[in-house]
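There's a structure below that I have some questions on.
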């Protein structure tokens, strides 16, 4: 069993890590850490709001027994020499320092954006750009680290990059216009989105999100050559909004492909891609990596967020687009807290483990 | 005072007509009609759900006193010879027959789609294409009618066409890609969207909506020449979704203009257009026809739906778009039950009255 | 395998029956019926809304494969001679006629109120008043039927009666004051509660509900003597409201007991009762029949509705009440569509089967 | 014009004060204060969330012009010598110290609970216990203050005490059992209730709320004799819950009266009481102080929160109760941020001003 720790364990993503590692066949949770305020407390006490008395745990499953009484440590007390892997979901500005410190000794898989845009750091989605993992060795060498930092993309990028990959491979892609309708859980838990802000409402702005999606999509779909990633030559423009949905991001996508791509061919390309996905058989991999609905009323967050435990990316409303020369449009759904975050990070860890990198 | 009737008075739009005509300086409500099921009842009894006992009235204002005890008649009992104008909000397939019958004698202003796509029927937004009203005279002559049918656009088209008009005039426009996040009240009241369908959810499909927006935007922004409307040469593609918002449609818009249009110039063009709008001074006209927010978190349905009583179209997040050659993107908000429907229809009636057409 | 049918299969409760009977070890679904409008259609087509295209299926689990293509029959085409048991969830006024017709030949377990208040008809909650099942034999004899009608209580009664049973047994009970906060799914699916009525709102009235709870609680907690049920001598008063919650009823309960009952003793009484519940081991029985939370922020619908697949009744906030002489107050949660409806009906069928009555 | 200040101006209640004092005929806002974090900023900048960029202002009306550019001061910089009155809505533990400091020089009207339970401090609801204002003079003398502290009750007490007053006067009252369904705005704005906690959910617990309602109801309905308040001899027991409603508390109330009180007499008593209410004619007084609905589906938060600008207390579902000997039950609605908070505090100030106490 590989010995792992979670840094930022009390936050939204940290809690998902706790679930994703429950009874994991390869990884054993040895240490958990969070900010000073929580350190020294049992996990179950650290996540209770002191004013309202409400347990800040919003997952369908109960808090797993194995973690309830684990003591939350301060970050400084985490000892990398006793660990094989660290999952980091620190969201604050401290993320970079924390990840740097640990990567010197041990692999760090991170959901933060701290390292995403460095030249020697790949942004990895297991199943999509596994070959970019090679860049982690360059990173190690460059920086003289025993470990590395392997970040996931922003949760809004995940679904877009996954659905674009088979399109790009089969038809080529020039342009993407996307509008997201993002779930409230994407804004975290402490305090998270205020109910007074979002009930019966839409917030049409999420700071920095649109630029992240643009940069990350290009990098993920790019090519690793000579120790560098050449971003894919696709123009991306998006508007990101917050909607009153608990979990799961919906994205309305319009794509200009290089070759003509009719909806039936796109569906087939996605299904074939999904059937041969690299991560098949890994413990956290979904039964269906990419699902395509015929029913025009799907995907719907409340119905599709349970698909394969939130690990499926779900597509619907595939239609010809009438504005682009070779245009295709669709709606996608991706679970921001599962495939788009902690559980996706665990799947990434599984993929790197299989490659012998952990 | 012009004598008016409302057909379809018990529905969502009919109820808004009731409010919009309350104490109107020019129009006096003389008759109200709905389906057989309601006829013979007082208005206030006709809108109560027989099972739950709930009054199917969802407007902030109480049911106005003037209409509470008016008797709902069957459509067949409406006598056009006693009327100067009919507002029709019939949504069923009967709309076409009903409107045809009355237009023989009296002007009909309609929120239904029954006549929208006929060559001799303009789709009118007061302030945007007032000159198309001339086509109503052609229609009269063609059909040998004393009255006419003047339809409004679909409520999702309204905000798009209004915001596009100053863009088109100033910069030219080639392409529009739009994703809508539409309010639940757009689906009517009896029964309307089920809470079980939409709570914590998004429905990514509204039957026929996208094609309506495409056709209507072109027609409204087109030119009337020789008794015909030549649609504007703009490609429009959209995805229409339903979100858990009570009132007001939000639209994420990406436009390719002919000339370069930077955000500051677009803002100025919209504000100048708004300042000189034709409908200024009409009883139902908003103080600000088109509003542009600097605050990136606006427009928001809950905050912007009250602007000028729901008659303002509100724009925010004006930014350069990076996909189109000359691209501009923004988010708009338009109140589907006010400017986009009954109150917009009353504003249209006011405009036609001023032109001497009613 | 016992051969069963579902009458009213397309409704909210009917759909839960479909789930509850999926892969059932003792009952095999042979026929399904609904109103004329649905008959002749495949199940999956019968539950799609013809206007919006939305599948009127709101359960977390997908439509089970085994029922997708079953043909919905009209009620008249159901042949009782080929059946061992009928589950009826007809909610219309037709329920009485339909249940009467079938009970002549075969046992009918019903979620409707049609027969609940007849002297020779018990209202059964498996685990609470199993001994009242004996009255079904009286009913058979009285009416000359081969079958019988065995109704469940209203879903709001279920949680109240279940939590009151151990209180009554251990301490005696005089008075109950209850305020319910009921889920939207309790109002059915076609059309169900309108989102415009309930979003950001409470409806403080549910027609007939309060009287049902009063009558049924007394009857269920009563004694069967000489072929008659003597209702428990408990005064019950309640106010029933509808709140914006998808599934699961919450009830705030104040009880005057005969003997003093401190919170700790009540908790113990409930837990001991639960541990020895009669239905243990039946296929649909919950792991915990009655759960008591210490955490004062529980029960919460979103967190507690999953407990044992919706079959647990969950209690929290046990406190001394200061108004009654011997007063205890608490909040309970009961899943209106699981234990309170179809799945509870299947559990009842299992109990009757074990008793040899089916 | 009396010169006033608001302490705690950036919070939920503080913002309501800003609205309630806009264009007030008697009171002029001279100073505003909040915590150190806000001091030195313009009001409009102080209420913007630094992370999301969202303006933490949730009121239908826009931020009034008169306050937008006022500088928020630190509490220490408020000079009581330049003021005639202070409105305090500090919610933290600092409330007591702050109010003490200012009351030495100037009257303080407070929405906090800091002083509510002191023997020489009345809890005032204008219109209900105006005579208790006399105790403020005792307080002044006792403490050697030039000013005084006059607190409002908790927002959940307000509606209960208002509806109980005519009942008590006319019929006498022995016992009250109440379950509240409280709005999210009652929990403040920074951060306020998290959308992830409350969407599709109920939280059955609000720390300390139930005890506050019990104590305050007795005190408000009590008698002032010899410089002391003898609490009313009514037993009160309640369960307080949080529901997904934006504004306005709903309460389900069961009362045992001393004399028999049928619903019709109660209605009449409430209406007569309302017609002669003491506050008639004050600038912030509602047109109808207490409204009684016949429609059993009312009150509803979304429909009733606008009544007289949120200053009416609204009653519905008046029925005989079957548990108490002389029992009456009803549902009430009271706007927690208007009559139950800042606007009620301004009405209180108006009442005290008329009495010459400010």
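So that you can tell them apart, the chains are marked A, B, C and D in the order they are listed, and the count of residues begins at 1 in each.
Everything that follows uses one rule, which is that a residue touches a chain if its C-beta (ideal position, glycine included) is under 8 Å from a C-beta of that chain, and two chains touch if they have at least 3 such contacts.
Because the structure is a prediction, the values reported are computed rather than measured.
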**Request:** Enter the minimum step count from chain B to chain C; a value of 1 means the two chains touch.
**Result:** 1
**Request:** Determine the set of chains touching chain B that also touch chain D.
**Result:** A, C
**Asked** Which one of the chains is farthest from chain C, going by Cα centres?
**Response** B
**Message:** Rounded to a whole Å, what is the gap between the Cα centroids of chain A and chain B?
**Reply:** 41
**Fill in**
Note: chain D sits from chain A at a C-alpha centroid distance in Å of 46
**Asked** So which bits of chain A are touching at least two other chains?
**Response** 52-54, 58, 199-200, 203, 205, 244, 246, 296-297, 302
**Request:** Give every residue of chain D touching chain B within the complex, in rising order.
**Result:** 52-55, 58, 60, 199-200, 295-297, 302, 306
**Asked** Residues of chain A touching chain B in their complex?
**Response** 175-177, 179, 181, 199-205, 214, 235-237, 239, 241, 243-246, 250, 252, 254, 296-303, 316-317, 321-324, 327, 329, 331
**Request:** Going by the contact rule at the top, pick out the chain A residues touching chain D in the complex.
**Result:** 51-54, 56, 58, 184-185, 187, 189, 191-200, 203, 205-207, 244, 246
